[in-house]
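My questions all concern the structure below.
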Amino acid sequence: MGDTKVICTAMVEDRVPPFLKGSGKGWITAEYSMLPSSTHTRKIREASRGKLEGRTQEIKRLIGRALRSVIELDKLGERTVWIDCDVIQADGGTRTASITGAFVALVDALKSLHDDKLISTIPIRHFVSAISVGIVKDESVLDLCYIEDSNAKVDMNVIMTGEGEFVEIQGTGEEAPFSRNDLNELLDLAEKGNKELIEKQKQALGEISNFIIKGE
Amino acid sequence: MGDTKVICTAMVEDRVPPFLKGSGKGWITAEYSMLPSSTHTRKIREASRGKLEGRTQEIKRLIGRALRSVIELDKLGERTVWIDCDVIQADGGTRTASITGAFVALVDALKSLHDDKLISTIPIRHFVSAISVGIVKDESVLDLCYIEDSNAKVDMNVIMTGEGEFVEIQGTGEEAPFSRNDLNELLDLAEKGNKELIEKQKQALGEISNFIIKGE
Amino acid sequence: MGDTKVICTAMVEDRVPPFLKGSGKGWITAEYSMLPSSTHTRKIREASRGKLEGRTQEIKRLIGRALRSVIELDKLGERTVWIDCDVIQADGGTRTASITGAFVALVDALKSLHDDKLISTIPIRHFVSAISVGIVKDESVLDLCYIEDSNAKVDMNVIMTGEGEFVEIQGTGEEAPFSRNDLNELLDLAEKGNKELIEKQKQALGEISNFIIKGE
Amino acid sequence: MGDTKVICTAMVEDRVPPFLKGSGKGWITAEYSMLPSSTHTRKIREASRGKLEGRTQEIKRLIGRALRSVIELDKLGERTVWIDCDVIQADGGTRTASITGAFVALVDALKSLHDDKLISTIPIRHFVSAISVGIVKDESVLDLCYIEDSNAKVDMNVIMTGEGEFVEIQGTGEEAPFSRNDLNELLDLAEKGNKELIEKQKQALGEISNFIIKGE
Amino acid sequence: MGDTKVICTAMVEDRVPPFLKGSGKGWITAEYSMLPSSTHTRKIREASRGKLEGRTQEIKRLIGRALRSVIELDKLGERTVWIDCDVIQADGGTRTASITGAFVALVDALKSLHDDKLISTIPIRHFVSAISVGIVKDESVLDLCYIEDSNAKVDMNVIMTGEGEFVEIQGTGEEAPFSRNDLNELLDLAEKGNKELIEKQKQALGEISNFIIKGE
Amino acid sequence: MGDTKVICTAMVEDRVPPFLKGSGKGWITAEYSMLPSSTHTRKIREASRGKLEGRTQEIKRLIGRALRSVIELDKLGERTVWIDCDVIQADGGTRTASITGAFVALVDALKSLHDDKLISTIPIRHFVSAISVGIVKDESVLDLCYIEDSNAKVDMNVIMTGEGEFVEIQGTGEEAPFSRNDLNELLDLAEKGNKELIEKQKQALGEISNFIIKGE
């Protein structure tokens, strides 16, 4: 996505966290990381610090939540899908790029399970993608790059389904509060952006995409 | 707030984090914790685990961000205000109660600095409070208790200023996506709730409250 | 206790640590913490440091040991009672206040188990309370406040039963060694103090108190 | 000491902890560890666990406190003496053996500083040693071995000066409370034991010992 | 290198570790990590475990040592070059591929410093590359892939300069000891492999390569 | 070994790591540590740092690998032998001294198992010992002491069997690369050194030694 590059992968493990054992339901969990060289000044490796930063924890929880909200976990069986989003190059919007890319990896992994006859349907209820919007120098901007993001008065991440409904909205008035009108303007932009992203996801997934839409 | 009880305190330290040294600006940072006995089944102490959970990190960042957005940090001088929110009893909405209560503690601490002639004004730009809203059994609900929160399809925390603008919105379709209409209905409710909370804050602060409003 | 305020709670969990599995015996374990705002200068949260201080470990072990010594663990069944002592405001003697208060919480929790017919007796062998004594400016002092504690030459914590026997004695000549006479004088004072505290515990427990004394 | 063997060393570092910088005073700090093979079943290395156990923290604090109480820290200059007590073989009484041995190492290190003209006196106010006493099968026992310690109803560690005064008393009724008479009997025994240990320390130190006694 | 893919980067920081402060010398340090999806079964992220594995520590030290041995650290000035090797896909030989690739990144970074007139020469004394060799089913093999590596009786990593001398040799008889003859045969192979790798490095570096060879 | 003194012990535990459960095979694992007072300036305790240094991890892995390579793990049964090497005094070559000493402790422990009829043979295939060699001031040196090691241009650790074959070679050109001729000269020296060490091991083991050689 522009100069932001993220490797998104999905790997399936044949067990679930303790709280789901015996439930017949599956789980999706995500991890997120930035390579030290993904930013202008080198980012210290969290493995070297010995702990995840608060920001990383927030993002990994956000990605997991977004993907879980569009899947039927009870049709996945007692399996965990591990989503890994590793940022190779960062120019703003890494968390939204991660969600959009991770969805493609997730469907791809589920397709493999289906091909191997391990699940009878691809249990996706909706497409899901995410985009950032914000107010920079009094103008509403879609998909902020790093420079814009650093100067934004309001910064919002919007996660939406293919049907145009909201999965998650996180908006912050970093330097000043924002009005209901500002909000509406930003959501209109986000809707437009997500519509385009879902088209891109469909192109990337090719035939598998139809497969989902038919509800199979 | 109902059966949710949080001890909110503000303490001032005469130094700032490294990135602000020499800037003349101050800082506000927050910490949040739940006592082990605040929940029905005992919550393991994070100090014993040796690390903060992702949820705790999210909340402490949220509280700090909310308070920083309504204060003029450059008029605080090179001081850090430490906000501590310790949940004694939890029945839903602990993060929003923390923000609402912490604002009162913050103003109180700034008043002391002012009384001691350490700052010339109380550098608050806006009152700020927070409330949760959600959709439970297809109905929009204000200030969800624990049971409601556990059954909510949509869960949203809304932080607003005394002027009715947004400081932060975080809304999640936990089980199903939500529409633009749902969103608008929830925001209306949140506006109503925050208006009441700011009244309560004014009562709690008494005279100091006028002091701020006069812009002094 | 004076300006020292501690929230003491007891929660029962239906399992025991590994070394007691299958033994039929129960366990009592305690945790202790000071809220950051309980002291004059803010105390850094141990959860943020990522580890418990040595002092905290000493105190939590002390509380657990004191309570275990007056209970019949084999009549508790394979249950763990978790004692949490959280200091809200500290003015000396937080560890002794924790023990005295935790005993009341423990009995209260055991009464609930008894009411629910989960245990047939309240398996308490003795009341237990604790008090600090010390030598300040060459005088023996009972229940030292923070200022006294900081200036004490000798500092001693004495844990005693309702029958006036010792459960634990910890005495330190912080700045100078002390004589056998000094020791005897301090123990006399401690005996007096603990007698009063046990009266207070009985008042707090009300009827349950008689229940124990009858050996039921 | 019997089958308990501890390597005690003292090393001098030319700086003090932050709270003493510029005070002109020195510091003594101690560390304690048991080799994995010092016990019958292998003890897991704390370095592998990644943290010190509560018991280790208690003991290291106890050793440091005992030694600091008999030295004039202001005559040490801004230096830290690091005491290391490493248990090679454990048969009860490792903490008391550590204190008794560490005192000899400490004096030895101070003698070197004095020989190098870095300090003008050996700033020791008292000899200090430690011994355990306890009640095993209703009898008072001096210097408990592992088997005795495991069966003791009351267990006490007594740290005393060469003049027979107390530096620290820690006594616990592990299984049953103990009376004032029990206490007195145990303290008599401890006094006898410590007297012998201080004789041994004097023998080990040889001439340096006289050097201290002369007070210069 | 075959199916092994590693992103190698070099970033320059304008300061050195404490032990080099004021020495006028620079430093090179390396970090190494495998993405969770680089292996067949997902590798748990070290940042999530909270610590680096022993294997990772060994490899990061090896890479740093290899690069430092071919550079004149005193001509680098008080700068640290951070080398990051992140394995995207692993099929054996990730540590040797990291060294070979990291050398190219290092030269590239030094060239930038030189272009910016921050250093007067590119202070490289030798080219350096690394390759694995081993004995698989009684035959000497060059550049083992994962399957070969898993079945190797002897496994050796050989780091060499452009002049054919050794920078480091690490050879292990994983299942059986090996003879002097075996060793010689493996070193011959490694020499051949490293010669080819250095050719590849020269191609990758293009003109910069000549620049070094001229000793400038 | 000269002024290097290491306590090497072997303790047997009746279980194996998870990856060997049910395999019928045993395991050997090693830990290594330096006492704080083993070096001239005090070495900070890794238990206090809360993590093992990279160097320690490398050495513990090396010791374990060396011992496992000469034992028939399938004849050990599902047992783990824990090797502990604790350096009491360090003057170079602590890792090689650890291996040489640990082998003796290992055989001793296996002899006990055999005496107790828990294993039917002492499953040792080869004697194993280790020695350091290096190039100091252009001369090849055997068994480097600390001063030599600090000045070595090339530093190599060579682990060999009683039959004179290699178990592991680790050679590093710390300051300059080394030639094939250098390598050969160093290996000749190492062979001579290891031969002597294995004689010492046989003396230390006495009769048990013959027992192994007879293949029993």
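We call the chains A, B, C, D, E and F, going by the order they appear; numbering starts again at 1 in every chain.
We take it that contacts are C-beta pairs under 8 Å (C-beta built on N, C-alpha and C of every residue); 3 or more make two chains touch, one makes a residue touch a chain.
Given the structure is predicted, the values throughout are model-derived calculations rather than measurements.
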Partner chains that chain C and chain F have in common: D
Comparison of C-D and B-C by number of C-beta pairs in contact, larger one: C-D
Inter-chain centre distance, chain C versus chain E - centres from mean C-alpha coordinates, in Å: 59
Interchain centroid distance [CA atoms averaged], chain A/chain C, Å: 50
Chain A-chain E separation of Cα centroids, rounded to whole Å: 35
Mean-CA-position distance for chain F and chain E (Å): 27
Interface hub residues of chain F, defined as touching at least two other chains: 50-52
Touch-based graph of the chains, sorted into line, ring, star, complete or other: ring
Ring order of chains, beginning at chain B and proceeding to chain C: B, C, D, F, E, A
Residue numbers on chain F that touch chain E, as the complex places them: 51-52, 54-55, 57-58, 60-61, 65, 69-70, 126, 160-161, 163, 165-180, 183, 187
Of all residues in chain D, those that touch chain F in their complex: 7, 9, 11, 13, 31, 33, 35-37, 42, 45-52, 56, 82, 84, 86, 88
